[in-house]
Amino acid sequence: MSGFNKIVSSYDEAMAGLTDNMTVIAGGFGLCGIPEGLIAQIKKMQTKQLTFVSNNCGVDDFGLGILLQGKQIKKMISSYVGENAEFERQYLSGELEVELTPQGTLAEKIRAGGAGIPAFYTATGYGTPVAEGKEVKEFNGRKYILEEAITGDFAIVRAWKSDRMGNLVYRDTAMNFNPEAATAGKITVVEVEEIVENGELKPTEIHTPGIYVNRVIQATFEKRIERLTLAKEG
Amino acid sequence: MSGFNKIVSSYDEAMAGLTDNMTVIAGGFGLCGIPEGLIAQIKKMQTKQLTFVSNNCGVDDFGLGILLQGKQIKKMISSYVGENAEFERQYLSGELEVELTPQGTLAEKIRAGGAGIPAFYTATGYGTPVAEGKEVKEFNGRKYILEEAITGDFAIVRAWKSDRMGNLVYRDTAMNFNPEAATAGKITVVEVEEIVENGELKPTEIHTPGIYVNRVIQATFEKRIERLTLAKEG
Amino acid sequence: MSLNREQIAMRVAQELKDGDYVNLGIGIPTLVASFVPKDIEVMLQSENGLLGMGPYPTKENVDADMINAGKETVTAITGASIFSSSQSFAMIRGGHVDFTVLGAFEVDQNGNIASYMIPRKLVKGMGGAMDLVAGAKNIIVTMTHANKHGHSKLLSKCTLPLTGVDCINKVVTDLAVIEIKDGAFHLLERAPGVSVEEIIEKTDGKLIVPDDVPEMKID
Amino acid sequence: MSLNREQIAMRVAQELKDGDYVNLGIGIPTLVASFVPKDIEVMLQSENGLLGMGPYPTKENVDADMINAGKETVTAITGASIFSSSQSFAMIRGGHVDFTVLGAFEVDQNGNIASYMIPRKLVKGMGGAMDLVAGAKNIIVTMTHANKHGHSKLLSKCTLPLTGVDCINKVVTDLAVIEIKDGAFHLLERAPGVSVEEIIEKTDGKLIVPDDVPEMKID
């Protein structure tokens, strides 16, 4: 009777099965809403030649940036990769492959991957370097390019609360890419601040239904702030 | 300073601008979650030659069925149209055009319309009558058909609560197609059970952000039950 | 003896695994929920936007806003989630539902299914059936082996408009459990007291019959 | 006198209408929020998933989970909503954001924009800019009229890789307000004290100059 209990108690268990050359989709925007402990576990596992699908690549010593140090990442699929000196070095030296993808297209590609949509048309990127090699089609007098879905061997996600069945709720803008990532992993692993009993989350308030979630681990987070900006004292 | 106050006080105001030959997207599944008063208003307005995009067409004397009586509907785009004798009569006599669309494809077409995606590929319907005349493309060894987005001149939606800015929350399975419909109307009109003050709905609990909503009207609903099924008394 | 509707549902329920997310169609498939083995848990998905469908409500708990895909009033179990139609079919189309049971008019030896339309009768529509057969990982069809005129519903090629192609793995009928693979029906089990000869006679498509065909276990 | 950054932002803010949903890019566009006319309300959309972005927080209210698309800590106003990235870009791509302000390296007379990449320098990525220019109904670009070497940034044809094609309606620079239509720049207003001749000289693309070019009103 434990078929729906998604809770695991160790990081080894959480990331079991991750091997070299896999594709990992990671939630997070900048350093906000990233699965800190799962990234640390991947560093510990020393898995190599990984492809990461993530809007950003963290900073030098936090977020996905820490996986660059050990040269664990072969390729990044991202919309914005500034803020990271080691990234720049590996990219310019050709050690790291980068596929720049417009942010909205990236979010939609991941959503499509989870939703069984293999490809969709978008006006985003038409006539730009992003469109190179992609099919163009006109609808109602406007031109669109064909973008293909993304799925991952793993998805690593940060949520606020999960019940034992893996129903998730996100906190504020730490939501970002996490709901899309959660749907698109063959194995979806979620790191949460709080595990609650089944029934504590209202059915219509659940952001990610547990059907998408394979494993949940409770953690505490550093939640580093990338750009602290304060109101001028009045 | 009233730019974000979406509340209107009369049905005339709610449906102002609806004219013959327009396309209307309606939320609801069977008789559950339908915008009862907005449908009644369209009946009152006697607008003709309308195309309705709705999963179902109500029953003879409730839901969209009441618009069939006055022959206001030219075409239905739906996934299931049983339960309605007048519908059957008009369809068989050729007065009413019907475009049967698989339920998931219908939901995705409406979502795509709201999201600026003009078309997407799906495996649903490949090899069936639904695929006739549609482009076929292979991805990873499987065949998919190209489906185009749907948008409406109007979307009519039922929600549970709205604040004055049009942020919406739906109640239980009365949600169904309503969130998709809300995004895909040039003018989106919402009928709600309760209007709450701005700030009463938590930002992360809002199902439909107010940006999609043009007009909100408060109403009471009959909420007719199509198939009353009860637990066996034990 | 051929199985009755409840017995077909009982046999299908034996296919369920602990932790399965399951979508049950209208008719016999709905009955499967009543026969889930006691030692496992499954979660029912209803395509109008409910994961964790519970039993029918008591009179006091009826709520017009809580229905299933058959438009019946239902309840939600503890741990249920409710979501929009596009989210519901993202789950289905994306292959997240483990197990789907649905009825059919015809199934053929290539795994094609016809279940939504009989030409020259009124077409009511496919509802979510085309999405379900395109998306679910594991699909079981329940139907009678032959129609009321005695004609087989297991054909070499479907004659009615298709709901989906190459998507059906298994069929449970009133006479037999049949697997579909490699362009043929494979007889796995027969209903208690039903002869292999009767099944052969009532199957139009290519049927592979092993030397030993065990009887289904239905309690 | 050419406008400073704040004055460019002030002029852009005059374009806003009551009830507009607005996305502001990084840099000068961000400053526009400080100059929204007192008699109107606009709602700021931040593409990481926030509609109803408020001011920066006080020290006590800082929350690492509440940031904007520039990764700055922010607050949410009363009536804000928070959603996922795909929902955020559904809004943007679907044309629901009324007004977008963003910076650029170059704009050309056909409404093309180059804003995200200078080849042979490190490419940081387009972030949400390509989606914004493809989706917003009304886009205003803010930039200096010429670069630091004195070369015009208003060209007959962009030289850098494009962010979007045929999408820019209006440009507000330190020297002028310019509309783009019918394959040309149209001079609408000049900065106080700036001569039409200077604008002509610093505009490389085709520039249509009416007889009377009023001065911008900046208070």
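Letters A, B, C and D mark the chains in the order given here, with residues in each chain numbered from 1 onward.
Just so it is clear, a contact is a pair of C-beta atoms (placed from the backbone, for glycine too) under 8 Å apart; a residue touches a chain by one contact, two chains touch by 3 or more.
Please read these numbers as outputs of a predicted model, since none were measured by experiment.
Using the mean of the Cα atoms as each chain's centre, the chain most removed from chain B is D. In terms of C-beta pairs in contact, the better-connected of the chain pairs B-C and B-D is B-C.
Mean C-alpha positions place chain B and chain C at a centre distance of 29 Å.
For this pair, chain A with chain B, the centres built from the Cα atoms lie 32 Å apart. Mean C-alpha positions place chain A and chain C at a centre distance of 36 Å. Along chain A, residues 108, 111, 115-117, 122-123, 170-172, 175, 203-204, 207 each make contact with two or more other chains.
Listed for chain D are residues 50, 76, 82-83, 86, 89, 92-93, 134-135, each touching two or more other chains. Interfaces, counted as pairs of touching chains, are A-B, A-C, A-D, B-C, B-D. Across the complex, chain A is touched by residues 108, 112, 115-123, 137, 139-140, 142, 144, 148, 169-172, 175, 203-205, 207 of chain B. Against chain C, in their complex, chain B makes its touches with residues 29-33, 55, 78-82, 88, 91-92, 98, 100, 102-108, 110-111, 122-130, 170-180, 207, 223-232. Contacts from chain C toward chain B in the complex involve residues 46-50, 55-59, 62-68, 70-74, 76, 82-86, 88-89, 92-93, 112, 117, 122-131, 134-135, 161-166. Interface residues of chain D, counted against chain B in their complex, comprise 17-21, 39-43, 45, 50-52, 76, 78-83, 86-87, 89-97, 134-135. Against chain D, in their complex, chain B makes its touches with residues 1-4, 111, 113-117, 163-165, 167, 183, 198-199, 203-204, 206, 209-212.
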